[in-house]
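Next up: some structures, all given as structure tokens.
Look for subunit A in each of the two complexes below; its partner is subunit B in the first and subunit C in the second.
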Partner chain A sequence: MIINLKNILKTYPECESPALNNINLSIKSGEIITLLGPSGCGKTTLLRLIAGLEKPDQGEIYIKNNQVTGNQIWVPPEKREVGMVFQDFALFPHLNVQQNIAFALQNMKISEEQKKNKINSIIKLVGLSGLSSQNPADLSGGQQQRVALARALIQDPLLVMLDEPFNNLDMNLRSKMQKEITNIIHKSGTTAVFVTHNQKEALSISNKVIVMDKGQIEQKGTPRQIYEKPKTKFVASFVGQSNILSGTIGKEKNTVITPLGRLSCRTDHNKKPGTRVDLSIKPEDIKINSSGSIQGTILSQKYKGQYVEAVISIKTSSNTKSPNKNLNIYLTPDDSYKKGDKLSLSIPPKNVNIISS
Partner chain B sequence: MSENTFSLNLKTVNQIAQKTGHSIKNMWPSRIPLILIPPVLIITLSLAVPLIYLVIRLLQTDASIWNLLLRQQTLQALLNTLLLSGAVTISSIIIAVPLAWLTVRIDFPGRKLFSILTIVPLVIPSLIGGFTFISAFGRGGFIHQLLQWLNINFVPDIYGFGGAWILLTLLCYPYVLLTVRSALMNMDQSQIEAARTMGLNPLKTFFKVTLPKLKPAVTAGGLLIALYTISDFAAVSLLQYNTFTRLIYIEYQTSFNRIYAAVLALLLVMMSLIIVSLEMKNQNNNHYYSVGAGTKRHLMKITPGKWKWLGTGFCSLVVLFSLILPAGTIIYWIFRGLRQGEELIIRPEAAFNSFYVSFLAAILTVSSALPIALVSTHYKSKFSGFIQNIAYAGYALPGIVVALSLVFFGANYGRLFYQTLPLLLFAYVILFLPQALGTLRSSLLQLNPHIEDAGLIIGFSRMQILHKIILPLLKPGILSGAALVFLTSMKELPATMLLGPIGFRSLTTEIWNATIEAFYTRAAVPALILIIISSFSLAIIFKRKEDTEQKCQLQES
Partner chain C sequence: MLLGKITIFLKYIFCLVWLVIAGYPFIFVFNTSLKERREFFTTSVWSSPESWQFQNYIEAVKAGFLRYFLNTGFVTFSAVILIVIIAAMASYVITRIEFKYSNLVFLIFVAGMMIPIHSTLIPVYRVTRTIGLYNTLTGLIGPYVAFGLPISVFILTGFMRDIPPQMEEAAIIDGASKFQIFTKIIFPLSRPAIFTVAIYNLVIFWNEFVYALILISSPGKWNITLGLWNFQGRYGTNIPMVMTGVIISAVPVIILYLFFQDQVIRGMTAGALKE
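Now for the complex of A and B:
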């Protein structure tokens, strides 16, 4: 384990609710992790606690099994060996690119020769050759970001943390930099934590995703697990805009009774029949199927480029309170449906995900 | 229009202003309205006239200017002035930068208290600084008496360079402290944090990251101090150190032909103009941009461990000499005066004079500044830039120079006015116009530009906009500008001495005379009054600064 957090509680002065509440987390060497969550959920605070830029009210932090934060224990940031790429890059405007990158080396006890080599190889790694004597002010956003990354990587940190690194970049540059930066990090072999509030980004850049909400960890897992098997309502709706339904586990095997009628569902739950549950269904998993069991009417459609997002109103089975239930589904732009058209829908059982409620 | 309907109107104007996304400023004519030109020209020119007159007189004189310039005395004064302002600036920086860093970043015992107390010496005008310094350390001063009581026969030599240097440093260091403190607080915190994560301890971070970024702030504060020092009259005169200001005064008093004083005055103006222009340059280079954007965070204070009392000790020492000693001295003399039953501890006439002259000065100055402020904020042209520069050049005019040039002018052309109140008031206007202008301009610039556009859309004429929108919104700026001028005039010494009507007494002249004659008890009460007064002006300046910052934050979010 490179990082271990135990029962972290952090409340900012003059804030009522904690910014972080009972966080337990461990990070293995070589992992690339993203912290995903809406604005204000405490992602930055978590990074700052690990870096030693903020003190928690309670809890312990270990770096490589050495305690750095805890009762009576405090290791200052300069002794923690974690690199950080700040949300605003935090480049030093009074230093040029090379001086910015070399900044972290001034405290290291290695020869000038070694320093030079280190600087050159890192400049090559992040692709900034030829720009070493530029001022950060004269660089593009993507270049500035690479300087910040080089600066964080050059001290061979145990862990490098990147706070919303792609936020200040435009769309094209953003996806390009996502690839480049993850590449660089893979090549350097460091452990990395990315912070983002963009779910697509989270799923594509890392091999482990931690979803946070309101200062708490909602779910940890591989991108696939997070996307396909959300464990909480929040994760289901934050990652991939799922339809959330409430229902009861049915008597027959692998069925669930919902406002849409009886659906077959995934088998990987061990709930007794009659248990009330929530379930999530991704819009793209709902198929138009003339022999489907669910009947609905198109309420509205929104053109989104690759697909059309449609809201379908479903007549619910009579024993539920509300007479209609709306489902989001995706249509292909070629289907030329109109508002008011009637559709038959079906949902493959493997896509009906039971959320433990 | 009643108060109510008016405020309603203003509200709609404001709402429209927010809706019209972009400015339609170009609906304003690009030329300055003709009615504004005469007052602006007259005011600006009358600012320049005395100085121009001084130059003309010099050119007409028979005496060889070169001879005057190259007098041993002149060179000595030049050297003294440079030496003193350099020394005071450097020593102030050496005191103030650590103070700023300590009070902003380090969590030592008493930090909050000291971050206020170390700024407070700003309220001590140099005249009062001089009075307390002499009456504490000089012969017959209370430290002297204390030493005698202890049977130590020793009088520290406070006169000359050493005393002036120490005194002015104690009076001036808060200027650097202020600029550096605010730079530290507004500094991009993440750069400091980045340095920490890159393995630098707090002290190293200070030298490698913080200090380089403080350069513009240190320069700005330092130049302010240099300007203060070369134009200071009271402290150097009381401590008998021959800088330009003191020499000018002596020449004025003792010699019949005042040409030499005029030469010195012009030299002094040149020096201060150089400093002011350096300051402008510094401001322009000051845009140390910070890369990217992001939420500003509070930086964790550094907990200094076993060294923490060092911070407390350093701050206490500074506060002891710069604040407690002068305040204690004043109180000592007041008590002594009371105990010895001195009846006339203050002349009511002096207080009254100070109040009412300053009051008139405030009204006159602000009304002169208003048209200039309007023109310079609303019209970007060479003319308005020129006007503004002339007005700001007033910052470079030491009180003694303005006084002297008006003495010249008055003695030759304005016999009618010479040594009358109007001429004194005119001097105040010249001296304090830049202050009023600064306040008004910053208030004007803070107005949402769309407000005026919205007024135009509604169909107001420009006069109506001025009358119904700008002036009401400007009221707080006008009031605080006037208050500032009022309070500063109260503290003015050299112009009051040279230009006041014969027998004119003010608080400052009382202190001056009493100190020179070593009647310290007589100076104490006016000194106390002036300190209280100048605390008010400081409070106004800080209040305005706070408001401005809040408004800026609002506009950003």
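Now for the complex of A and C:
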């Protein structure tokens, strides 16, 4: 393990609730991890604790099995072998690209020749050849980001951490830089932790996603696991859109009684018959099917480019309090449905995900 | 459309009037410095010199003005350099290093701005005599530094507070020590405020009179203002000669300001506008 966090607790003096509450986390070498969550969920604080820029109130941090925080042990940031790319890049405006990158080498006990070689190879790696004498102000956002990454990688850190690195870039540049930055990190072989509140970004750049909310880890897993099998209501609604329904597990494990009627569901849960549960269904998993058992009426439609988001009013079974339940579904832009049209819907059992009791 | 043009026209008129108000005293002083003593009294004070006479400038140099110039330069530049170093270091500590009494230290510095200079004259005179620095140029540097520090710390702390903390954190992760962060990051980034502090103090010390009057007695150690004061006495009503001294003493400051005015304005307005 490169990083190991045990029972981390951090509360800021001016806040009542903890910024981080009992965080336990392990990061393996070579992994690209994303900390995903809304603003204020504690992801940047977690990054700063690992970097040594802040101290936790409680808990232990290990980097490569060496304790760096906790039990009255404190290793300063510069000795933790971590690199960091800040949200605003934090490039030194009075230094040029080469001087910015070389700043991290000033106290390294290596010859000038070795320093020069290191700088040249990292400039080549991040694709900034020919720009080494430029000042940060003369560079584009993408180029500035690559300088920041080069500065973080120049000391061959065990871990490089990137705090919302794509936040300040426009949409087109953002997706281009996501690919480029992950390629550079793969090439360098470094373990990386990204912080983002953008779910699409998290799913596309990392091989493990950690979803956080209110200072706690909600779920860890691969992007596919997080998206397709959310374990909590929060993850289901934060990572992509979800229809959240409440229901009761039927007599058979693969059925659940919901306001929409009896639905077949996934069987990879350990709930007993009669247990109250919540379930999540992604809008794109609800199919229009003439033989579908769910009948509804289109309430509204919103054009979103690649798809049309429609809200369908479903008449619920008679024993529920509210007579109607709304479901979000995605239609293709070519569909010629209008408001008020009646639809029959079906949901494949593998897409009915039990999330909590 | 018409209203816009009228507004622009009025703005230009205002600027022109302001230019005359600000620029005329300088033109008057320069104009008078080129006149002979007799001509000054026999012609209108607004008239141009009959012929451009640089004799007054030669006289001023002969009267030891170059010596005063060098004395002022030595004291001013020494004090400004010391102030920049001390104020920058103090401001860095106050703004970037967390300690319990940082606000109190800042308040003590800033409170210095409220002390009237005249209330310090006797204590400063006595201390200077006691430590044996009376009638030395070095003896002037201490009071100048003490006098300039409060406003300098005030300007620099305001500027340094606006430097994003991420810059410093990035340097910490890169392994820079506090001293390296100060010398290689914070100090260079504070350049506009440092220029402001330097020029502001330079103008004050260049024109300083009261401390020089009470701490210096030998004519060989006079600064420019004492020299000018002495001209007034020596030449009685020789106004053109006094004006010549004023021009000579003002030129270096004006040149410095012309070169660094952008930096000074940036330092003064730092934090006022979001970049």
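Note that the second predicted complex is superposed on the first by the 356 of 357 C-alpha atoms of A that agree within 3 Å, B and C clash if a C-alpha of one lies under 4 Å from a C-alpha of the other, contacts with A are read in each partner's own complex, and residues count from 1 in each chain.
Definition applied: contacts are C-beta pairs under 8 Å (C-beta built on N, C-alpha and C of every residue); 3 or more make two chains touch, one makes a residue touch a chain.
This structure is a prediction, so every number in the text was calculated from the model and none was measured.
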Field: Three-chain arrangement built on subunit A, subunit B and subunit C clash or fit
entry: clash
Field: Partner chain in contact with A:107 - subunit B first, subunit C second, else both or neither
entry: both
- prompt: Regarding the shared-chain residue A:305, is it in contact with subunit B (first), subunit C (second), both, or neither?
  reply: neither
Message: Looking at A:130, would you say it contacts subunit B, subunit C, both, or neither? Reply first, second, both or neither.
response: neither
Message: Contact-wise, after the overlay, does A:168 reach subunit B, subunit C, both or neither (first, second, both, neither)?
response: first
Task: Going by the touch definition up top, name the partner, subunit B or subunit C, that contacts more of subunit A.
output: B
Message: With both complexes overlaid on chain A, does A:78 touch subunit B (first), subunit C (second), both or neither?
response: both
Message: After the superposition on A, what does A:93 contact: first (subunit B), second (subunit C), both or neither?
response: both
Query: So which bit of subunit B gets in the way of subunit C here: 241-249, 367-375, 403-411 or 421-429?
result: 241-249
- prompt: Do any residues of subunit A touch both subunit B and subunit C, and if so, which are they?
  reply: 51, 53, 76-78, 82-84, 86-88, 90, 92-94, 103-104, 106-108, 151, 155
Query: Which of the residues in subunit A end up touching subunit C in this complex?
result: 51, 53, 76-78, 82-84, 86-88, 90, 92-94, 103-104, 106-108, 151, 155
Message: Quick check: in the complex, which residue numbers of subunit C touch subunit A?
response: 164, 166-167, 169-177, 180, 184-185, 188-189, 191
Field: Residue numbers on subunit B that touch subunit A, as the complex places them
entry: 188, 190-191, 193-202, 204, 208-209, 212-213, 288-295, 300
Query: Inside the complex, what are the residues of subunit A that reach subunit B?
result: 44, 51-55, 76-80, 82-84, 86-94, 103-104, 106-108, 136-137, 141, 144, 151-152, 155, 168
